[in-house]
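Structures for review follow.
Shared between the two complexes below is chain A, which has chain B as its partner in the first and chain C in the second.
Up next, the complex of A and B:
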């Protein structure tokens, strides 16, 4: 394609092609400290293109493409180039990945032991991961944790952290000097701004960690905690995995092993300070 | 070789002669894998190039594709077993078609192949019983649109697609080979009569019929989407079964011309090469319409084959009515 950029996030290499220069420039800038794909071979190809030739110039709209796609993707404005690239990269993993069991979870690590946080959109996965990153944790990712079925370790996927609505202000206040992408208003997920993970998260992106505790956070409730039995954790994680079914028996084995070995807790929190304390306590106790 | 390759020649070359991949640079591997994924041939490619020298990351991706095809094979055979179990009380032995048939019969065409829906063939006079048995065993309608439903039932060679409500897998129940409106009318009854059991209450078509069915599927139905994979199937089947009696059988099904074309194209793309007619070259142009980014290219050629697919399928007046109805509903065009 006319414009292209190659990068690697954790173990996953991408080739991003675009009909326009702007999205590639924006992605290349935000991901400037990330390495190139391993051995020069991209795991996935992503395409940002104009569905009709004239859409390149007239009311330009980005259609998402790649090795794997969902039918009926809605085109987005050219100004949302970074979001388009991020969504297209996520889609490749969600639909195409077969080496790792994909968990829709954020994760942070300390001393080689990882906390996995999973929950519905709005539960605070990204916000908590970003705030923990500012408190000395190594950020592994705010969207996907990659569980290796053979070793039981999780691999990092520290893409740009996707902050939405109120969490944009919360995190900006916590790390005013961090690098942010442009503020995108009126997206399907509301106001959205990307945060570049810190230097440590990028430098250690290739290092896996041992899962230590599994958390199911819920925002907007009085502080409360309860242990989650392995059976419930299993069912919730099958729903939080995009490729559990596709991995067949390997997926089942990987997930049963995870929930049997790793304690799980549901944490309700009214504010982020409470949640951070709950996460740190859960990790220390595990 | 860069990522800007103009057509799918890189994929065809690698399938025909896997050692040619030795010349690929890393970008070439990225392009090859993207192209193979887009053509649903990445598992096949992985099997072909396994063990050859390549960048470690390429080997890792292809190993994952191999494993994925293996999981897909297990799931496809399980789905076939479920269908057999549902149809057995009605005294029906489903005849497996396409990918599931190749893996059930342990054929080369099935090695590494991606398998989507389950396709089965049952006698036309038993189709209502098959439908009732499947509905009773957890399959449900996919198409809620009454026009589409009526269209399938009146004119097509298969029931409207059904999906299993628990396993989320589709089944296409065929009662003949091509749409009832198509100009070519293969002898489905003869195919059914000569089908061979493969155990587990399942059967597959006899070798020559299996090839004829693949040929009909490639050239007499559809717009050649996925054509490289279908042609690879044909190449493997011919390689394994030979061509004894094949031409006569194809002639009986009205597919003589299509078989001859399939043999020429398979030779040209996946074999040692052969002379092609001008029309053959047009087919090659369509089959290779995919670039190193995995993009569909040559929109005019694609559109021509899309129109051709409808032209083959129905008489002109009916085609006009059909396209008008679809257009009003904002329906599909060439992808």
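Up next, the complex of A and C:
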């Protein structure tokens, strides 16, 4: 790879390499306040390379690569370089991680106690995490929470926050002075814009927290709440984990311990103000 | 008469949660989510038993009045497929 950038997000070190300078420059700029990998050694290598040799110059198209591959990944326009890098980093972590149980969840922390929020795409994980970050919570991550099977603690993974469609405007209105990546239109996920986590999220990225409450948010419904029994939380979280099977009995132990110790609630919400109040109340009651 | 026995205790991690029981099957690495009567059948098959003996055990332990041997045989077949019950 001609161009490369090294960075650490929470406990995970990445080396991002590319045939082109532009995506690396964009990634390096947005991640400029993040530390380098511990001991200088990256856990994962991410490659953004030309789909065909001539596609470095002719209608440049990015193919994602690394230690783990998706055979049907579609090449992306060069202008989506940041998105390509983010997707490639997620993919390497999702398929390769063996130290932590990976939960597809956003998380925020206060007083050392974390709220984990998981749900289908569009449930509002990223939006809620971003808004809570603007209201005094420490953002731990908008995509993955890393559960340590040994300690039961959750580790942060505060990558760039991926805002989609309506949530781009909602969060821009809440934090107009924050740093945002370029607005990417017409991606497979719609319009997309990355938000750089605030200084506190980056400075505290290495600090784990104790899970306090599990939330299953659903956007677009009248405000409602119900407790989720541990067995249902377990099944939902196995579906929300990319490496549960790979971790074997360690994953089973980690997840059963989590659902036995931590209360879980499903929250339906019609707007983000309602959801923020629901999250605050659930955290306080846990 | 076919005799059945639960998979060895060392091969299973059972975690009862509210209405369901989670079972991690070590030989296959598969997690099973068990609803009643599966956990009760595993407990009753700690020692080998044929269908009639198992039915008698369940009637004693769980006050079963209307036990259905055909349904029990079906549940046993499911557990056997999952590797949680073996032929003794």
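Note that the second predicted complex is superposed on the first by the 286 of 286 C-alpha atoms of A that agree within 3 Å, B and C clash if a C-alpha of one lies under 4 Å from a C-alpha of the other, contacts with A are read in each partner's own complex, and residues count from 1 in each chain.
The rule is short, and it goes like this: a residue touches a chain if its C-beta (ideal position, glycine included) is under 8 Å from a C-beta of that chain, and two chains touch if they have at least 3 such contacts.
Since we're looking at a predicted model, the values are computed, not measured.
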Comparing the two partners chain B and chain C, which touches a greater set of residues in chain A: B
Which of chain B and chain C A:45 touches, first, second, both or neither: first
Partner chain(s) touched by A:124 [first = chain B, second = chain C, both, neither]: neither
Touching partner for A:81 - first (chain B), second (chain C), both, neither: neither
Which of chain B and chain C A:259 touches, first, second, both or neither: second
Chain B versus chain C as contact partner of A:37, first or second or both or neither: first
Touched partner set for A:65, first chain B, second chain C, both or neither: first
Touching partner for A:231 - first (chain B), second (chain C), both, neither: second
Contacts of A:197 with chain B and chain C, given as first, second, both or neither: neither
Set intersection of chain A contacts, chain C complex versus chain B complex: 248-249
Chain A residues within the chain C interface of the complex: 229-231, 234-235, 238, 245, 248-249, 252-253, 256, 259-260
Complex contact set, residues of chain C against chain A: 13, 15, 17-20, 22, 24, 26, 29, 31, 33
Residues of chain B touching chain A in the complex: 3-4, 25-27, 29-30, 33-34, 37-38, 55-58, 60-61, 64-65, 67-68, 71, 74-75, 293-295
Touching residues (chain side chain A, partner chain B) in the complex: 1, 4, 13, 15, 17, 37-43, 45, 47, 49, 65-68, 96, 98-99, 246-250
